[in-house]
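Have a look at the structure that comes next, please.
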Amino acid sequence: MLIVMRNDATADQIEQVCNRIRQLGWMPNRIPGSMRVAIGITGNKSAIDPQLFEPYEGISECVPVSKPYKLVSREVKPEATTITVNGQDIGPNTFTVIAGPCSVESREQVLVTARAVKAAGAQLLRGGAFKPRTSPYSFQGLEEEGLKILAEARDETGLGIVTEVKDTDKLDMVAQYADVLQVGARNMQNFSLLQAVGRLNKPVLLKKGMSATVEELLQAAEYIVSNGNFNVILCERGIRTFETVTRNTQDLSAVAAVKRLSHLPVIVDPSHGTGHHWGVAPLARAAAAVGADGVMIEVHPDPRHALCDGQQALTCPEFKTLFDQLCPLAGLMGRRI
Amino acid sequence: MLIVMRNDATADQIEQVCNRIRQLGWMPNRIPGSMRVAIGITGNKSAIDPQLFEPYEGISECVPVSKPYKLVSREVKPEATTITVNGQDIGPNTFTVIAGPCSVESREQVLVTARAVKAAGAQLLRGGAFKPRTSPYSFQGLEEEGLKILAEARDETGLGIVTEVKDTDKLDMVAQYADVLQVGARNMQNFSLLQAVGRLNKPVLLKKGMSATVEELLQAAEYIVSNGNFNVILCERGIRTFETVTRNTQDLSAVAAVKRLSHLPVIVDPSHGTGHHWGVAPLARAAAAVGADGVMIEVHPDPRHALCDGQQALTCPEFKTLFDQLCPLAGLMGRRI
Amino acid sequence: MLIVMRNDATADQIEQVCNRIRQLGWMPNRIPGSMRVAIGITGNKSAIDPQLFEPYEGISECVPVSKPYKLVSREVKPEATTITVNGQDIGPNTFTVIAGPCSVESREQVLVTARAVKAAGAQLLRGGAFKPRTSPYSFQGLEEEGLKILAEARDETGLGIVTEVKDTDKLDMVAQYADVLQVGARNMQNFSLLQAVGRLNKPVLLKKGMSATVEELLQAAEYIVSNGNFNVILCERGIRTFETVTRNTQDLSAVAAVKRLSHLPVIVDPSHGTGHHWGVAPLARAAAAVGADGVMIEVHPDPRHALCDGQQALTCPEFKTLFDQLCPLAGLMGRRI
Amino acid sequence: MLIVMRNDATADQIEQVCNRIRQLGWMPNRIPGSMRVAIGITGNKSAIDPQLFEPYEGISECVPVSKPYKLVSREVKPEATTITVNGQDIGPNTFTVIAGPCSVESREQVLVTARAVKAAGAQLLRGGAFKPRTSPYSFQGLEEEGLKILAEARDETGLGIVTEVKDTDKLDMVAQYADVLQVGARNMQNFSLLQAVGRLNKPVLLKKGMSATVEELLQAAEYIVSNGNFNVILCERGIRTFETVTRNTQDLSAVAAVKRLSHLPVIVDPSHGTGHHWGVAPLARAAAAVGADGVMIEVHPDPRHALCDGQQALTCPEFKTLFDQLCPLAGLMGRRI
């Protein structure tokens, strides 16, 4: 259930409602809005009787919520959420471009790429230091050394860092360096990891699993949010289908669906979504036009010699060309880039 | 194999090469280009020895073709094809908007819709008189009466007509009224129908099957083109996946792939692609940005009372709003609308 | 709606109920059962009021039917249907093995195969004379010459013939030779063809489309049955998924579901279901154990030189080995083979 | 690369080859066979030159391995592996039936079920104490209390325990109680967890991810085996497709493929594979006939009141009936049950 407080409710009234919820054995989750506060109740096993809150003051409405997710839904918070990362707003008024290599391979590679994407206009830098690889014999990342290289790139360029955390063991280490913690597609239903990042106060980029439905993505986000961390950015990175001309099938209909059901920002990763460099620019443009809040693009100074996923990376000049195409598109959609 | 003639090759030299191909038991297919003529050879069971054509004059190059489709590929014809329907060019320089009801229900319904979409800016009118329906107990269309209503709408508004042909039995009848013959998704591998429309001299709109790969779509188009009809417009209308939040999954990565592999125009149908009215405008915009040559949109004056697929139709005012969003997007992509 | 007649209802009473149904603008479909007759009403657009039939005698019950298919459902006919082909019963008490080449290539090839599968124990012979091929440049079948070869094989071995009909144009010709008309997976939603075979009085083998759901398969069968032909045998031949180790994914859960929902017999085609010779025997055995009414197996005297799908054909000795494995399995399932 | 030692190779010769491999910076993995030892080399980034081992004695052959997995492949170990759990062999000569509730709900529920499945003939008991649930608001399991209940059931019935480990944090605790550690479908690519169970000396039941290919399953198994734990049992539990009549699509073709490619035992879980109690017995029988090494069946004394997945559980008497059907099927396949 969702308790919507009146816009003149006092801090004390809000606190009393929260205390009552705790007394009943459930958990109150404050959802700050532009006009008023709402309180989502979680932890209940069955429907809640609104009469339990009748004696309390400052309450505008008690709304039953039927979806298997609550806190991330538009029912609970109709206006779109903006998340700020290192000075960059990710939300309904901006179009955020995250760019960088698939994996951190060397100091040189990261710094060259970071300078190039910064110069082109990107707002955040991506790069993986811990790589979840399908084969145990593939390159698994530079680990902490890679994180240090990313931090150096941030120091030099001012770009915030998006980097993947692969397990709870290394979470503290990754969180020390990252501005945004990426949870990868294969970990979208690693519920222990979701709960752990939910207990931190740091933005999370949650990638949609390759066979996850929109409803399952929102439930995964709910795991994070219901642990107290509201700073979740969703990411569509392609789903697995029968089609083989692309590595995955980029599901932009899912983006339209997510925008309708949830207040959280959604970005699109056309590099994994298509798996081929020739698909990146068309799908990045389409992501802007469909209403996504940003894109994440793999860029490599020398894709042919990349240790990971070189076939889907843009070169630095190709990225610059794409960025220049995205600017007027974002403008048409009423967004700053 | 593909024989590329020199740009100064005479009509006589071209004819002699074609005759030689016929002598060998194969079929020559002339592919007119802006600079020179190419001749695709079909009907051969195995690789062809280029030496067979050594004695002939006017030949620039003999190119072996490895893909399971030839005539529709960029290898054979690098520049994009433009198809003209009732005065409207469908191709690389335009963005074509086809609009109208899912099925023809009444004279009133069609005329009201046709006037509205014409006023909004649409260039072609769609509407089904023969409906392939999953259940034998669903509305199957008004048949010839429906075709006459569409023809009346064309007479009044000047809009060319796109309408579906369901089987070879009714092909002559439908061809008498239609400006573009639509082959539906369930018929994409009805090879008898493909061959039959291939023998006509009328544009064909070929919808991608709901579980067809891009390669299979191009092979289906090859069935039509290899029978002599080069006027094929491809259409992505969503594929079947595990996702249930949308009726189908609109595969815009497939559009990017088709544009790369084939010279034929490709349009997108976001009404079937998403199956929900809330998905139509976002995906239509995304189709423009991904590089499609147009969109096909279901419009109904009163969607709640539609006999077929009302949940995915736009109202006339909603269509007008969408058209106005598409204009500047098409402009950014370097296309007239 | 379904009208269940009393077991002592007279022919005249049944006829009067049918006449009333026709008067009301709908269609009566007699469904003979072991104990009594039921009459399925089709052609109605909305729910039917049972009171319309109150004045009539001999009626036991009026049952509303909610599924999108009626005549093929267990609700309408709880006991399993048996279809007899050339003396072979296909139904709950038998396990029917259909075997033969993918396509008819020559008289020699068919006769050798027919003798071998007959000797091994097979009850019906399969072979395609009209082949729907993905590419227009693949072998398309021997057409009528192929049908004549199959008829000769029947004359010699006594095996009934199962062969594919690709379109309505050739239906009369194919029906002249075939004992069972096969409708292929790509034609499962070719509704014109379904209606045409529904108007004949000859058994139909309806293959499940590669992306069709069980519900859609039953609706396709309903197209045939509602046109008067109750002799429909369903066939699961693999669905299209992301898995590439097999050509398709054989869906035996669908067989269990069909047996529960429909009274029609269901057989399994493990040759197309797996697409590899090494998968045929294991999946054929699994089909017997899951409760299917039979299997259809591709057999070729020399698979390496087959013109079509050689990689999934068994040799004649491999087929004999498989047949000997199937016998005791069928026995355990309470079926004659 | 794989080094196959001669069958008269001495322990010392084997050790010298292993030392050489270590010197070169790679890892030797001894694979004991019935006749001779093979040594798989892992950790190499590129092809290995067999000449490096020319000077060493006792070597029969050096075999290059091309698949993205090595140690789990039939190329490396042609004969099927048998894994012994609490006295029960799981491998080519037996058919192992694992049964029990989806999740541990109470002492009473587990003991009643354990006694019933033991009496029916089951060889191992399953039950989840840590449940990975899609929604954060669903029942998540009794945790350590649940593990103690399972241990009590083992003490009483003698049945070995199969139970899920959800994350590395709880691995030590779960390993203390379990006879087989289950890695769930959602964790099939949780590589940190795979590595951690690979470092233990306890059998692992690895479930196929719902959108994992057979190749990815084998690579996931390779993560475990390459860390030293060769006791891996694979499990097919249904894949995600467009079909909705079943919860998942049980992929028995994948079982046939795995048996061909890998020496590891494979079992089938028809409870998750179909998601409906009516599908469990047919698919369990089919699993026996396809050649699986066992099945895992959900059994609940009162499915309607189960806290988790009750719709797919058999009652105790239904399980007894199924077990009695499986016995002669296993016998036909040449297996003890």
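As written, the chains take the letters A, B, C and D, and residue 1 is the first residue of each chain.
The rule is simple: contacts are C-beta pairs under 8 Å (C-beta built on N, C-alpha and C of every residue); 3 or more make two chains touch, one makes a residue touch a chain.
These figures come from a predicted structure and were not determined experimentally.
K.L.:
Which chains make contact with subunit C and with subunit D at once?
P.N.:
A, B
K.L.:
Distance-wise, how many Å sit between the C-alpha centres of subunit A and subunit C, to the nearest whole number?
P.N.:
Here the centre of subunit C sits 49 Å away from the centre of subunit A.
K.L.:
Please work out the Cα centroid separation of subunit A and subunit B, and write it as a whole number of Å.
P.N.:
Computed from C-alpha means, the inter-chain centre distance equals 38 Å.
K.L.:
Which residue numbers or ranges of subunit B touch two or more of the other chains?
P.N.:
211, 240-242, 244
K.L.:
Graph shape for the chains shown, where an edge means the two chains touch. Line, ring, star, complete, or other?
P.N.:
complete
K.L.:
Which stretch or stretches of subunit C touch subunit A in the complex?
P.N.:
Those residues of subunit C that touch subunit A are 211, 240-242, 244.
K.L.:
If we count contacts the way the header does, which residues on subunit B are in touch with subunit C in the complex?
P.N.:
Those residues of subunit B that touch subunit C are 42-45, 68-69, 132-137, 166-169, 186-187, 189-193, 209-211, 216, 219, 222-223, 226, 240.
K.L.:
Residues of subunit B touching subunit A in their complex?
P.N.:
211, 213-215, 238-239, 241-246, 248-257, 259-261, 273-274, 278-279, 282-283, 285-291, 325, 328-329, 332
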